[in-house]
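Order of writing sets the labels: A, B, C and D. Residues in every chain begin at 1.
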Amino acid sequence: MVGGGSDAFIGAVHRRAALMENEIELVCGCFSVNPEISISSGRSYYVPDNRIYTTWEEMFEKEAALPAEERMDFVTIVTPNRFHFGPAMRALELGFNVVIDKPMTLSLEEALKLRDKVRETGLTLALTHVYSGYPAVKEAKKRIARGDIGRVRRVFVEYSQGWLTQRIELKGGNNAVWRNDPKQAGKGGCVGDIGTHAWHLAEYVTGGRVTELCAELQHVAEGRPVDDDACAFLHFDKGFTGLLQATQVATGEENNIRLRVYGEKGGLEWRQMEPNTLYMKWIDRPAEEVRMGNGYGFLTDFTKHNTRVPGGHPEGFIESFANIYRNFAYTVRARSAGETPSEEWLDFPTVEDGVRGMQFIETMVAAGYDRDQKWYKWVEE
Amino acid sequence: MVGGGSDAFIGAVHRRAALMENEIELVCGCFSVNPEISISSGRSYYVPDNRIYTTWEEMFEKEAALPAEERMDFVTIVTPNRFHFGPAMRALELGFNVVIDKPMTLSLEEALKLRDKVRETGLTLALTHVYSGYPAVKEAKKRIARGDIGRVRRVFVEYSQGWLTQRIELKGGNNAVWRNDPKQAGKGGCVGDIGTHAWHLAEYVTGGRVTELCAELQHVAEGRPVDDDACAFLHFDKGFTGLLQATQVATGEENNIRLRVYGEKGGLEWRQMEPNTLYMKWIDRPAEEVRMGNGYGFLTDFTKHNTRVPGGHPEGFIESFANIYRNFAYTVRARSAGETPSEEWLDFPTVEDGVRGMQFIETMVAAGYDRDQKWYKWVEE
Amino acid sequence: MVGGGSDAFIGAVHRRAALMENEIELVCGCFSVNPEISISSGRSYYVPDNRIYTTWEEMFEKEAALPAEERMDFVTIVTPNRFHFGPAMRALELGFNVVIDKPMTLSLEEALKLRDKVRETGLTLALTHVYSGYPAVKEAKKRIARGDIGRVRRVFVEYSQGWLTQRIELKGGNNAVWRNDPKQAGKGGCVGDIGTHAWHLAEYVTGGRVTELCAELQHVAEGRPVDDDACAFLHFDKGFTGLLQATQVATGEENNIRLRVYGEKGGLEWRQMEPNTLYMKWIDRPAEEVRMGNGYGFLTDFTKHNTRVPGGHPEGFIESFANIYRNFAYTVRARSAGETPSEEWLDFPTVEDGVRGMQFIETMVAAGYDRDQKWYKWVEE
Amino acid sequence: MVGGGSDAFIGAVHRRAALMENEIELVCGCFSVNPEISISSGRSYYVPDNRIYTTWEEMFEKEAALPAEERMDFVTIVTPNRFHFGPAMRALELGFNVVIDKPMTLSLEEALKLRDKVRETGLTLALTHVYSGYPAVKEAKKRIARGDIGRVRRVFVEYSQGWLTQRIELKGGNNAVWRNDPKQAGKGGCVGDIGTHAWHLAEYVTGGRVTELCAELQHVAEGRPVDDDACAFLHFDKGFTGLLQATQVATGEENNIRLRVYGEKGGLEWRQMEPNTLYMKWIDRPAEEVRMGNGYGFLTDFTKHNTRVPGGHPEGFIESFANIYRNFAYTVRARSAGETPSEEWLDFPTVEDGVRGMQFIETMVAAGYDRDQKWYKWVEE
């Protein structure tokens, strides 16, 4: 693991998600750029001292030098964006599979290099667009694919947070600091941090790909150097259109993701803050509350594979992360054994999604501040 | 009453709303362009035969000829859009006050003429943007005005319906027919029918006025001659921005209006389908469910004036209409008596809102189909 | 109208409900025991001075003396419980139909006398158990009757309020005063005021009748002379059982009624504070949100008869009252014309329900304080 | 681990909960009474062959014979009720700490023996009343304890499931079989399986203890040998009262737990199916939605200790289990080191709760079928 020291947030989520299924062990790590934090964190995670490293470079070299059955099987990179590309590229070069948080890199250019390296090595890279890990999102994807709501016409996706309402990054000591520093986070603020999640959900669930967009990016909190609010009209390759809304200045909102897709015959809605229900809406009959884990024969096998407990026992954010880790682990293991992973196992975001994510950010940034040009084609590689 | 025959929908709502408060009697009407329906409808409403008319022209002439204490005090016009301007203008010319459904006219040009006539005569015209009649919307307006959520930054308003998912207008015999005929409805389809409601809510609640917008209008159902889906980025004069979303092809949605306003200190949310709650959201403390009718001292007098029953006893759509009618009636009576109506009484949409509504439609239609120009200034009179 | 002065709560609801449908006019009244309030109230309701009375006895005599086409058709009694029996009995004796608020009388003995008088005269008496007037409750009734959820097994009904958490009756000047005075309200406090509503809903919806019960009544607020909390296990004649819970000391609750019925094949749930949805639950498929007013062909005609607006436009408490008034009016008119009212028109609570309601109160009061006897048979007339 | 083979439900939950925090490893187990399932399950959990056992007796002997630093630190028992007492008692005799699922034993007699053994050995026993592990339940407990809602007056707790609506136990091959067999489950059906959870929540949150109760137990599904529906009026030692409702025949319900506590100044409500919100209700101000994980300073440290992710990222059932495991692990470790565990660490149900749980079942069973005696004192040890 690179990052995830005891002072970090998302690292602990990754750790729990990885461990929960008993398919993954934490064997080594460089948990912080601060050597003391790395060591104390590693010890608190029960990692032996000789495998707690103080730089990721050292970690990769030493792990690569270990016998195959001892060295780590993959590395998880949970650092701020600017420390994504370097470790990921080096890990791939040394033959390690990679799990990496989104957005994948600091720039599209870096993303393309990573993609080429993955293609070249045949290794596996998973990108933790965690919201696509929820069972109800998977159920939505499968239902759309099999035509339950008819031809898709409109996608509405919103992601509202309020934690950046004030410029708390100026106080320091929190997750807002690097996210609002373009050198560490990249060109996008809100659009990179949560806009990419919203975009990914829309493409994941519908199976469509954005081709052009009209956007407005705003710096709502005075003086903030990156956007904290972004919205866009989206056109997709399959002929339908969408509206994307992401904001981090919606005062009082927590992590309010809401996805709706409307087709010719029906519609569906999912809300992340109560993630175990998928609402199906119809022209000619009452709306249905499709509940994850429920024993009735109304859920796809694809969904059941990603569900742990019976209906009424809520699953949450960590379980959603764990779905990505488990599917990634099964895929890595299958490929290591020369086998072909199943469709269920391959169901996690990859380096290709990472490239599209960076294209999304760059297209949004180009379009979002331009008062003159209305529509922007998707930035192509 | 002009329109509102037994075959119509909104006329019955107007009637109930007007009668509920025992301040208004139904004394005469031309209830349909079809004389038979007008007569049978009038009789079923207990209107005496001699005051059931078969044309509105006849009605206005004959009523105007009655002694002052007998003739109608005002006329309600609840016909399709193209029959708004004519009756309204004639009523004003003859000295009658007017209640009219939205959008006010078929074109901005007509709207401006009506406005001039109202200004000239000093008569009162109420426009039934019913959603601004809900107590919780009024509470939101007052709270924003007194600074509860700080300076406003973002307004999100959406209005989703699904009843036009299919081209039911082709079947005939329903409310969709005239709404999808530009000759009867005007240039806007969805943008006129429900987009104007969404826009009005945003301006009513925040007290801001849209100055420019970037829009996309779509004809989602194949072959439909008017838009059935419209969305826009909005810029307001007070420095904040907004996102408006209106659609009539959101399959399975009924009348899903959701308004959110976020300020520097807090946010608020209101949903029409459960209209008796206003959600207040905060940076530094739990969200609150502010309930209409509740006895705690947390509601403004402005709101209480528009509430009929104690908390927990739901009020709905008809009561919201009745608030407009009651306030209109109080205002007309006060003005007739040479008195100045109170702020509470004057709280209903007027001819000025009607003009702005037509400007909204015309700006949206201009902006919504133009692939090249991003921002459109508000169409000025 | 007897009662309903400008200082009362429920009278205004009755008035609006009666007027909304344009089937009923307010022609006379004795609006208060205080003559001044009666007169000023009557004038504010536009009742002519000669038909504003200062005692109900006077009103009934004078109205009875008017020509048939002039005198009132029925009287609405909206006074505290102890003033129910007298006016109702006298009205029936003089040939007037009656609408009366619940509980019908101060004692079972009075109730039986009223029932005998109704049977003797053939007049119509409606009891405003308003919650059975909601469309979704009617839909529930019809669905159960036609077997949608299979044989009924369990009924859970709760009615929670918090307004009597403190002994506000001691402050005076509010609706709590007479409700907590056994001389004015009768033996039951909470059990009479809201427990009867809960009981009535259970019988109305299931079609079953309580045969015996085990109850606990409590005076939670110290020193209160009547119960403010009541719960009971119920046994019904049709073989199923139920649980009833009513409280007025559930701090912070408004008017939280929740009804659930479970059968062998399905279950249903309704909540008064969002009254336009009926939730249907199933063993083998997703739960459904059955929405009132929705155009899909999934609602019974019985329900549609009691619905005013399309789905998504909320109806509320006053509309529910209006359903009782309208059905009563249709029934009275049909009977006056020698016709047989339809099943839809006859759908309002009658004097028979009023008798059962008093039996409920008396059985609960007997059972609720007895530490020794577990089960009480329904008090028979 | 005893039980939890690949064919079981709750074992997998325990495993994930135990592993998630990286404080516990799965080192050995007897995962099934079927040796083949035990071995294949153990292997799939990556337990070495030499520590996969085919009887729990063998496991305990062999583990006890291992050097202290190698042998298991505690055992988790996740078998049907009748296999609780034997392994638990033997584990304690051999010096192992114990985690055990509820209800603790088959009878009160067994429970008392276990309690005596725990007291005698000073070992730690945790009982997985998982619902008390939710952060919002802990917040409720602390708020009540510090007087936020004033003196408690009424507790309403309900637990509704529908999965036993039909007699699926007759089909075999599912979790319903042993639960509906008194020899395997004990005297209580519903009352033992879920009634105990409801009772425990009520005592945990309020800090009160039931002293007497009036109950009705029913066998709603025809022919079922144990109760599938139970309700009770409860009297607590601290002077307040409650209503408990548990059912497994509420067709279509999943795992619907709802807890409400009302005091003199406020009330609170929690619902397990959306567990991350605690609703606070007040006489004199709007209800609040207190959200777990939210950064505002409105949550107790006690709650924060049991929360993993920021507000808006839902936690669920497995995290709640993990709270019990983590607190248990911290306590065991502290005690092993001769230290005193903190209040937070000691916050898990113990053998004393297990005894009370069996008392609850036995009291309910005695009271629930007796038509003559109304109130039953709590069965004392």
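The criterion applied here is as follows: contacts are C-beta pairs under 8 Å (C-beta built on N, C-alpha and C of every residue); 3 or more make two chains touch, one makes a residue touch a chain.
As the structure is a computational prediction, the values presented were derived from the model and not from experiment.
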item	value
Longest centre-to-centre distance from chain D, chain (CA-based)	B
Contact-richer chain pair (by C-beta pairs counted) among A-B and A-C	A-B
Between chain A and chain D, centroid-to-centroid distance (C-alpha), Å	34
Rounded Å distance between chain A and chain C, as computed from the means of their C-alpha atoms	55
Centroid distance [mean C-alpha coordinates] between chain B and chain A, Å	43
Contacts with two or more other chains, residues of chain C listed in rising order	253, 280, 282-283, 287, 291, 294
Residue ranges of chain A touching chain C (in the complex, touch as defined)	280, 282-291, 294, 296-298
Contact set on chain B toward chain C in their complex	9, 12-13, 15-16, 19-22, 26, 45-46, 161, 163, 253-256, 272-276, 291, 293-295, 308-319
Residues of chain D touching chain C in the complex	149, 153-154, 156, 162, 165-166, 214, 216, 218, 220, 229, 231, 233, 241, 243, 245, 247, 249-253, 260, 262-267, 280-283, 287, 370-375
